[in-house]
Structure formats: C-alpha cells, structure tokens
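In order of appearance the chains are A, B and C, and numbering begins at 1 in each one.
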Amino acid sequence: MSLLLGIIQALVVIMLAPFFAGLIHKVKQRIRGQKGISLFQFYRNLYKLIKKEVVLSKEASIVSSIAPYFYFLPHAILCFMLPFFYKNPPLGNSSNPVVILYLLSLPVFFMTLYALDQASSFGGLGSSREWFISSLSEPSAVLLFFSLCVYTGEPNLKGVFLKLSDELRSLLSEGSDHFSISIPFLILFALLVLALAENARIPFDNPETHLELTMVHEANILEASGKHLFLFEYGSYLRLTLFLSLMSMLLFPFIGDATLYPLAFALYLIKMLFLCLVVAFVESFNAKLRLFRVPNILSFAFVLSLLALVLSMEA
Amino acid sequence: MEKLASFFALMVLVFAVLNVASPFLKFAIRLNMLQSWTLALYVLVVAISSGVFHLYLSFLATIVFKGILIPILLFRVLKRTGKERELDMIMSIPSAVVFSGILIVISTILVAKFGGLEFIFGKFVFVSSLSTFFIGGMLLVIRKVLFSQILGLLIMENAIFLAANSAVTGMPLVVELGILFDIFVSILMASVLLLRIMKSFEDIRVDALEVLKE
Amino acid sequence: MISVPLLLPALGLILSLFVDVLVMSYLQLLISFGLFLSSLYIFFRKEYSTHFYDLFLVDPIDSFLLLSVALLELFVVFYSFGYVRTEISQGISKRRFKYYYFWKNGFILSMIVSILSNNLGIYWVGLEATTLTTALLIAFYRSKESYEASWKYVIMCSIGITLGLFAIVLLYYSTAHVYGDSLKALSFVDIMASVQKLDRNILFLSFILALVGFGTKVGFAPMHNWLPDAHSQAPSPVSALLSGVLLNTALLGILRFYQINEKAGIAYAGNFMIFFGLLTLFLSSLIMLRQGEYKRLFAYSSMENMGLIALGFGVGGYGAFGAILHILFHAISKGVLFMASGNILSLLHERRMEKINGLFKDMKITSFVLLFGLASISGLPPFSTFFSKLYIIIGLIQKNQFLGILVLISLAVAFSGVFWQVLPMLSGTGKGEREKAIHPFMLLIPALMLLMLIVFTFYTPQAVIDVVNSVVRELRG
C-alpha cells in the first residue's frame, strides 16, 4: 500500500511538472500585459514534440542519442526519492544529500555533452556558460543540504523533511519552540537563488530568449529536436518542479501518512502555486544580469548557506 | 521570542553581507537603512522580553538617528556628489563575499572560545555582531570610494550596538544617547568633508587622495 | 569646583558664536586664565572624589592631565591672540576665523569631559567629540591637502574609537554581572573596587581592543597614518594642542584599561604597552630621518614621544614616574616647536625644509626659539625634558638592559633626524629682517614656555612630585 502511494506521489509530481512551468510562464505574460497561454499549453507542446522525428547533425556520435535520456532519467528518479507530501517515497532511504547532488548535476553534464557533441558553435558557448553557473552554485547547494542534515541530525533528506514536519506538528499542537526561524529562512532564500540559477530563470538566463548570444540553457538544446527535445524540455520542467518542491517542503513542512494523503497533497499544491507566483514575480521585476555579475549573487547564496551551516551546528 | 531575536540578529549580518555583494552606492545606503531597522527591531524584542524601560527609548533613538536621519543625510550627500555609479573594489565582489563568509567562520570559532559569557538570546547574536563588525571593517578597506568608508563605519557601529544588546540589556541610557548623537554628528562631519573634497578634488575615489605623501 | 573647567569652555563656545573674532580673542584670554586657575586649584587641593552622580571623577592622573591641558591651552590662547591678527594682516579673511574659537573651545571642552570622566562611556563620548571638533580645524586652510588630512583623521580615528567602544562594551559584559545594567557598571571607580570578581579573559581582551582602538588616536605605530597629515595641516596653535594634549587624552583611555588589568593581576598587559611603545618609537625615529616638511617632522616627533611615554607606563616604577612628567614637559616643548613653525609658516608660506634657509638672518627670535625647542624635545640638559626622559630610560634599563639600549639608539636617531634636517634651515644668507610682521605675542610666548621648562629643571613644586608619585602608586594597582 505504502509503495503504491509512494509511486502515485512520484507520478503525480511528474505529471504536474509541465503545469507548474506553464503557470509561471502564464503569470509572467499576464504581468507583461499579454493575454497569456493556456495553462496546459506546455502539455500540448510536449505532445507535439514526441510525435516529431529526431534530426541529428552528421557529426553526432552515440552520445547524442543517449544524452537526452540521461537528462530526463535522474530527474525522474529524484521524484521517487523525496517525500513531497507522502512520507514513504519508494527510494526514500537512498535520498542521501550526496546522491541527490550528483543526481542534480548528472543531467547538466549530459546536456552539455549533448551540446558539444552536435558540434554547433552555440553549443560550446552554452555549455561553457552552463558550467560556469552550475559550478558556482554547486558549493552552496552542498552546504545547504548538509546544513539541513546537521540541523535535524538525520543522514538523508527524507528523514530531514519528516523530522521538520514532526517539529512543525509539535509546534502546532504543543507550542514547543524547538524550531528555528533563521535556518529555514536562510536555506529558503539560498534555494530560491539556486532554483533561479539552476533552472535558467531570469536574473541569470532568460528561458524565453530567442537571442542565441545571450542564451545559456537554450543554447545547449538548440540542436535538439523531436523526441530529444521532448526529453530535454520535460526534464527541465521536472528540474524546476524539484527545486520548487524542495522549497515547498521547507516552507511549511507538512508531510502526511496514508490518512492525511489528500490534505497533504492539497497543501503541497497550494505551496507550489505560491512559489510559482514568487518565481514569476521575481522574474518579471528583475532584469537579466550580465553574465559576469552572476558570481556576485551566487557567492551571496554561498555565504547564506554557510551561515545556515554555522547556525545549525550551534543549534 | 528568542527565535525572533536571533532572526533579527541574523538579518543584521545578512544585510552586511548583502552590502558587500551590492555594486551600487544607492542600494548600499538602502541596505544600511534596513540593517538599522532590523537592529532597532532586535532592541525592541530585547526590550519586550526583558522589560527594561530604557531599551524602548533606545529603540526609538536608534530608529530616529540610524534608521531615518542618517539615511536621509546620506541620500542627500550622494545626490549632491552626483556620483551614483558603481563601486570600485580592490578585489572582485565574489571573492569579497566569500571572504566575508570566512570572517563569519572565524568569528564563530572566536566566540566558541568565550566560555564565561552568558547571552540573553544565545551565542549566535554575538557571533552575528562580531562578524558584522569584521565585515564592516573589511568594507572600509576594500572599497575604493570615500563614500563607502562612511557606510563601513556605520556597519561597524551597528555591530557594536548589537553586541551591547547581546549579553546585557544595552548600555546605560546616558551613554547610549551620547554615543548615538556622536555617531550622528560624525556622519554629518564626514558628509561635510566629503562634499568639500568633491568640490576641490572633483572625485570621491580613494585614489584621488594622495596629495599628501611622505 | 569641578564644574568650572567644564563650564568655562562651554561659555567660550557659546560666546564665540555671537562675538567678533578680535573681541573674542580678548575674552578667550580671560576664559583660559580662569580655566588655568581652576585646574590649578583642583590640582593643589588634592581632593579626589566623584561628582555628578559618579559621572565625573577627579583623581591624581586626571588632575595632572587637566593641569597640562589648561597650561598649554593658556599659552596657545595667548599665541592665538597674535596668530589671528598676523594671519588677518597676511590676507586671510576675518570670516574664516569666525568659527576658529568656536571649534577650539568645543575641542577643549570635549577633551576636559574625557579627562574628568569617571564613566567610561562618557570618556568615549568626549573622545569622539574631540575628533569631530578638530576635523574642521584641520581643514581650516581649505587646501586639497588639508581636506585629505581631515578626511583621513576623521575616518581613521572614528574606526579606532569604534574599536575602543567595543572594548568598553566587552568590559561592560563582565561588570554587568557584578553591578547589573546600571551606570555603576561603567564607572571606573566602581570597576576598580570590584575588579577581583571580573572575568579575567574579558578584561584582557578589552584591554587589547582598547590598546589598538584608542591607540589609533594616540598614534601608535601601525595605525599612525593620519597623525603626521593631520598635525601638519592644522593651524599651528591647533597643532600644538593636538600634539601636546589630545594624544595624552587618548592615552588616558588605554591607561584606565591598563590600570584595571594591573589590579586584576594580569601582569602581561604591560608587555603589550611596551611592544606598541617600542614599535612606535623605533619606526617614527627612522621615518624622521627622511622628512621634507618641518611640521610633519614635529608630528613624527610627537609619535616618538608618545611611544616613549607608553614605554614608561609599560615598565612602571621610575618609568611611569618619568612618563607622567614627560606628558607635561612634552606638551610644553611640542607647543614651542609648533609655535615656532607657525611663525615661519605664516611669514614664508613654505612647508618644505629644503626651500627655507637663512632663518637666523630673517627671523632671529623665532630661529632661536626653534633651536632651543629642538634641544628641549631631544631632552638636552638645561631643559626638564632631560629628567623625564632620563627617568623613563632608568625604568627601562631596570626592566631589561637590551630594551634600554634599543630605546637609547632610537632616541639618538630621532635626535639626529631632527637636528640634521632643521639646522640647514637656520643657516645661509637671508633676505633681511622680516620678523616685524609677526605679532609680538607669537615670539614671546614660546620663549616663555622654554623658560618654564628650564625652571622646572631646577625647581619642581613638591606638590607636583607628590601627585606624580600617587599616580605611580595608583597605576601599580
């Protein structure tokens, strides 16, 4: 039973991913005064892509045909690892911070490999930029996950979020104050920065750009088409959803068991909608940074997660 | 209450780090103002939880002097110097920010060595104030614009105020008011000097000041 | 009685806003004379107690410093009387001088507040106020150089004093355990009374912070950058006050913390005083060998003397005895030097030494004053600085022979640096007698001060010796 519920949770998250991405897109368009796409437009796009045939450049090697799967799969596996709203994810016991970090950076590796393999000039440009940003955000991601583990004293993230949820419940029911405001705040803020950086969101990169010279993420998948593009697009929606979900699990950690399943799910949806709105607003009210300004913000996020680590060691 | 207090103490530190990361003078002043406000809120929390009356006055004085008067003054000076451009630093922003992270770790280690001190709201408030103090000092050294030396000084002073409210409930009121007034006048004096320097050097960069050599 | 030295400068502060400069210079003479008399009274009455809800305190070292401030201030005011008139006749507009007396009185007032304070917080407020009141005095001539000097002065001293505030806050941490959060916890007398109950680590840390922080304002070696700039750019009478007494006022803060440490039995605190003193003495004496401007040279000489005084306090005993006397004698003889350089500057408008020669022909009295002033600052025998320096060196040698030798070498280097560079200014062919343009007070006062130094050599009032002895006893804790 619990296995089934866990699998349902993962599938639900995977199914919802294009919806969240579409929602952010729509809100941004509405803020700009446009009518906006339908909320389900991204599903239609994906459906259209999966029907098209794959065109590969004549330089492409075997890497190009396996890379898209390796972009999508780690994200999908991650969905089976985290307790989004149900406390028993199927792969929960292996949700070690190190594993999660590697699963988050493996897709980036394959995506950039794909971009290089196609031998287009923009691919090389995009992949070097992608690594520039990603290697700078890596340290703060490491510190962040470890500080969560240190704070709660749990070895893997599933335990971390369950413990946070328990703490929240005891806070609500008994008013115990074994709960820190500062650490979740710091981690949330750092995660927000990371989510924007890792998902090619606006202060770092514009997901909607059509200008090859400023692209980061898009330049990597410029050559992808058909099923490959489907995998890349779907993978990036999943990535965004994963980051936002991590934030949602910190925002108001409420993870239910079988009886509270619907309630926890509803709460999860509300939190995700809220976070989508936040991301959309951040994207709308900021201008894209020059590439060489990116380290400023990422280093700030690094110091915040360092501070979180310091604080969680004290607590 | 303790959570709230340590949160405000944390925000004082976060604003200091953000100040290092920000390349714009105007934004830096705004951050400074926010820092003073969070500091005042921290004092308010201490006042409410300890019930010491003079802390309410100190809260008000902090808001009036540090939160309102000094930022207004600084904004006006900045407008009159007409140099709202980016800040030059002797090291790049990311390395400065990471360096401030190192300072935070150092001050954590330092505070861990103080066995004998008891703090109202936990050790972290003192860690925060010590590292804010160091970061203020670092800002003073690394920025090449005279204006930001004033900002660095203000950050250091905010840090000391935080420290004064971390283990004891603030300095005696007479002393605190005297200190606040002195700080205000010193900022006033520095602004006057800055404007005059702007007039005669036509620049507010540190490099411009090398008329006097050995 | 203690309110008189506080009220008189305040009165001058207010008067100067409403009264014309030339009238004010007469009134100022009266005010300063009153200040001098009241500080003499306080000094000789030897009644040591706290006043005004324990905010203020008179103890031996306070009364001694107060006397040295009032004495130098009296001379400086007489000199300023001539200085203002000479400068106006040299073409500086009278409007510029409008705030001269205002800031100077503010400066004296804040210095006296610092010196007489019992509460360490009040001491801090007064010391910061001295920075603020002198900032615009340093920028008095409105040249690029003076603005730069003033900026450096304000920023560096503010940072240093901020560190000092941190020291006070730390000290307050430990004293608040004894007295609770009250004014008593910052009161020097009360801290001394219960020093055994305080956390020694915190005491020592606060001493180190105070040494570095207030040491910036004293001009200790690695933090001295502002000192030569500020002291050389200020108008000469103000330079005399800055060098002669302000540095000692800042030193008083360090001494307070030192005293607390000594009483708590932290013996190694003195070593840090010795370290900073030696570093300052040694570095400044080396720098003095290569100076282009005479006022800068004298500013470095102040640094050198402050280093010597800190050394004296660090070793205690005879050293401390000499150091206290040297505070007074150095103030007077540094006053002489800056007054002489003020005369040269206001006539020749030239700061660099190599461009000046033939002073013996041009300005006979000034050059004699300068020459004897140099002799007195170097501690040559007819002047009482000889004795104060001698005592310090005896103290040093008692502590450690090697230390004494190092100090003697530094003093010799400083001596040669001063004479080697200033003497060429005096010789050579002149352009004819020019000293008539200077107000006679500007020649008379430094000569009088030199005379006073000689008198002190042969006759020092027993009361002074008593007070100095009681300071030495107090310092030992």
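Please note the rule applied: contacts are C-beta pairs under 8 Å (C-beta built on N, C-alpha and C of every residue); 3 or more make two chains touch, one makes a residue touch a chain.
Please read all numbers here as calculations on a predicted model, not as lab measurements.
**Student:** Two chains share more C-beta contact pairs than any other pair here; which two are they?
**Tutor:** Counting C-beta pairs in contact per chain pair, the top pair is B-C.
**Student:** Among all chains, whose Cα centre is located farthest from the one for chain C?
**Tutor:** Farthest from chain C by mean C-alpha position: A.
**Student:** If you average the CA atoms of chain A and of chain C, how far apart do the two points sit, in angstrom?
**Tutor:** 65
**Student:** How far is the middle of chain A from the middle of chain B, if each middle is the mean of its Cα atoms, in Å?
**Tutor:** Here the centre of chain B sits 36 Å away from the centre of chain A.
**Student:** As a quick test, compute the distance in whole Å between the mean CA positions of chain B and chain C.
**Tutor:** Taking the average C-alpha coordinate of chain B and of chain C, the gap between them is 31 Å.
**Student:** Spell out the part of chain B that touches chain C in their complex, as residue ranges.
**Tutor:** Those residues of chain B that touch chain C are 52, 114, 116-117, 133, 137, 140, 146, 149-150, 153, 156-157, 160, 163-164, 167-172, 174-176, 178-179, 181-183, 185-186, 189-190, 192-194, 196-197, 200-201, 209-212, 214.
**Student:** Give the list of chain C residues in touch with chain B in this complex.
**Tutor:** Chain C reaches chain B through residues 55, 119, 121-122, 124-125, 128-129, 131-132, 135-136, 139, 142-145, 147-152, 154-155, 158-159, 162, 165-166, 169, 172-174, 176, 181-183, 185-186, 199, 201-202, 229, 233, 287, 290-292.
**Student:** In the complex formed with chain A, which residues of chain B make contact?
**Tutor:** Touch list, chain B to chain A: 2-4, 6-7, 10, 13-14, 17-18, 21, 23, 92-95, 97-98, 100-101, 104-105, 108, 122-124, 127.
**Student:** Flag every residue of chain A that touches chain B in the complex, lowest number first.
**Tutor:** 136, 177, 179-182, 185-186, 293, 295-300, 302-304, 306-307, 310-311, 314
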